[in-house]
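Report on one structure; see the data block that follows.
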Amino acid sequence: MEILRLPAELESLERFRKFVTERAAESGLDSRLIPKIELVLEEILTNQVMHAYKEREGEAEVACFPRRDGCFCLQLRDWGPEFDPLKQAAPDTAAPLEERRVGGLGIHLVKNMADHLEYRREDGKNILTVCFKKPAV
Amino acid sequence: MEILRLPAELESLERFRKFVTERAAESGLDSRLIPKIELVLEEILTNQVMHAYKEREGEAEVACFPRRDGCFCLQLRDWGPEFDPLKQAAPDTAAPLEERRVGGLGIHLVKNMADHLEYRREDGKNILTVCFKKPAV
Amino acid sequence: MLTIDESREAELTVLQLTGRLDAVTAPELEQRLATLAGDGCGKMAVDFGKLEMIVSAGLRVFLAFAKKCRKSGIRLALCRMQPVVYEVFKISGFTEILAIFPTREEAVRSLDS
Amino acid sequence: MLTIDESREAELTVLQLTGRLDAVTAPELEQRLATLAGDGCGKMAVDFGKLEMIVSAGLRVFLAFAKKCRKSGIRLALCRMQPVVYEVFKISGFTEILAIFPTREEAVRSLDS
């Protein structure tokens, strides 16, 4: 398990991204998976910056680890108020243009891109684990 | 506070070093202090690899943060058995060549290079805090 | 990093996006689109050929802009999305409400008809 | 990264160290010194001019080698240490037990006397 903790701010996105993509590449993951992993990472980090900490300062932590079955996993942690993204209602992606609400797509994308998602609240932390299967060759 | 956690192995030294020197540079530290900080970092990490975990695997964590008085601080953590380096006896640095024992200089160097050192044991972790004063200009 | 290259020919504006459309760069695009709409642009094609990644902050910009286009009569077509970018539009249901074409020619042609 | 450049002239071997002498690179130097001692080298100067950093693993190599030199009659001189490297030798008491000179000329001259 490798861990990077940085201030929860948009300026940290790039360093988190490098940290994760290097680990993903080392783990021998198919490079076509990398953009999906980046998307998931950025959506969750952005939510931590925008929603978990709103106007106040805080920290975000990203851990990378391989699962025994060969999946590549991320764990994202913040010290914001309890928030379970898996309980969010899905946006109506079938509404016509005029009726579509702007926003609310980040968690929906995360749910669709990840192969496995798990949320837990522990020691005052939100802990979201996201796993990606290595595609069969 | 920024934190990096990696497997405790010599291969991680270089990444820890980059992490710390980039933070030190960002903090506006005098560049002449950097080699001292690197020395302290490497001595402690090497001890974690060699002694805290001996033959077994484990993790090392490095945090960087500024202290209110302007000091640049590192915090090094491991999950090895309790070990307080501040309680180690100083080596005899005045013995003639024939009588000098090989080794045992790492902690001595750390004590001499750092401006402030603090050890505590917490939650099964060894936590060593090391601070460096910004030299007066 | 996002680069926005613009070319104009009469009523048609073509934007070429290069790089990443993420939470950091989305405001730049939003700003640029607002300026173009204010300038009275009538038809716009956006070429995604060199865009490597888009996140929901980028989708948000396109949805808001498409709504504005609908109201003010600007015609909008998107084209040349890489597979992962297209997948993001697809999962979000945006492929049903935006005009997306494989090639720039088709996108431009659709704006003329 | 550590580079060890070697030049020989009759009985004298000069090693020039470039880079960092740390826990990763110290074994390389230890190995090289052992080979030289085994080859029957009689006088050795080590030029630290391009060595940026040394940690205790590097000191360990020099102390062990200096002991071996004393026993086997090899003459050893070190030179051109950067301030931080010299400080490490000083704090460890090594400036008292090893011959350290500001210039390479002085180091080589000391081996002849």
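The letters A, B, C and D name the chains in turn, as written, and every chain counts its residues from 1.
Here is the rule we go by: contacts are C-beta pairs under 8 Å (C-beta built on N, C-alpha and C of every residue); 3 or more make two chains touch, one makes a residue touch a chain.
Treat the numbers as computed from the prediction; the structure is a model and nothing was measured.
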What is the shortest path, in steps, from chain A to chain D when you may only step between chains that touch? 2
Any idea how many Å lie between the Cα centroids of chain B and chain D? 25
Interchain centroid distance [CA atoms averaged], chain A/chain B, Å: 32
Cα-centroid distance, chain B relative to chain C, in whole angstrom: 51
Mark out which residues of chain C touch at least two other chains, giving numbers and ranges. none
Specify, in ascending order, the residues of chain B that touch 2 or more different other chains. none
Which chain pairs touch, all of them: A-B, A-C, B-D
Residue positions on chain D within touch of chain B in the complex are 22-24, 52-53, 55-57, 59-60, 63-64, 66-67, 70, 84, 88, 91-93, 96-98
Within their complex, chain B touches chain A through residues 1-7, 59, 61, 63
Please output the residues of chain A touching chain C within their complex, sorted ascending. 10, 13, 35-36, 38-39, 42-43, 46, 49, 91-98, 100, 102-103, 105-106, 108-109, 112-113
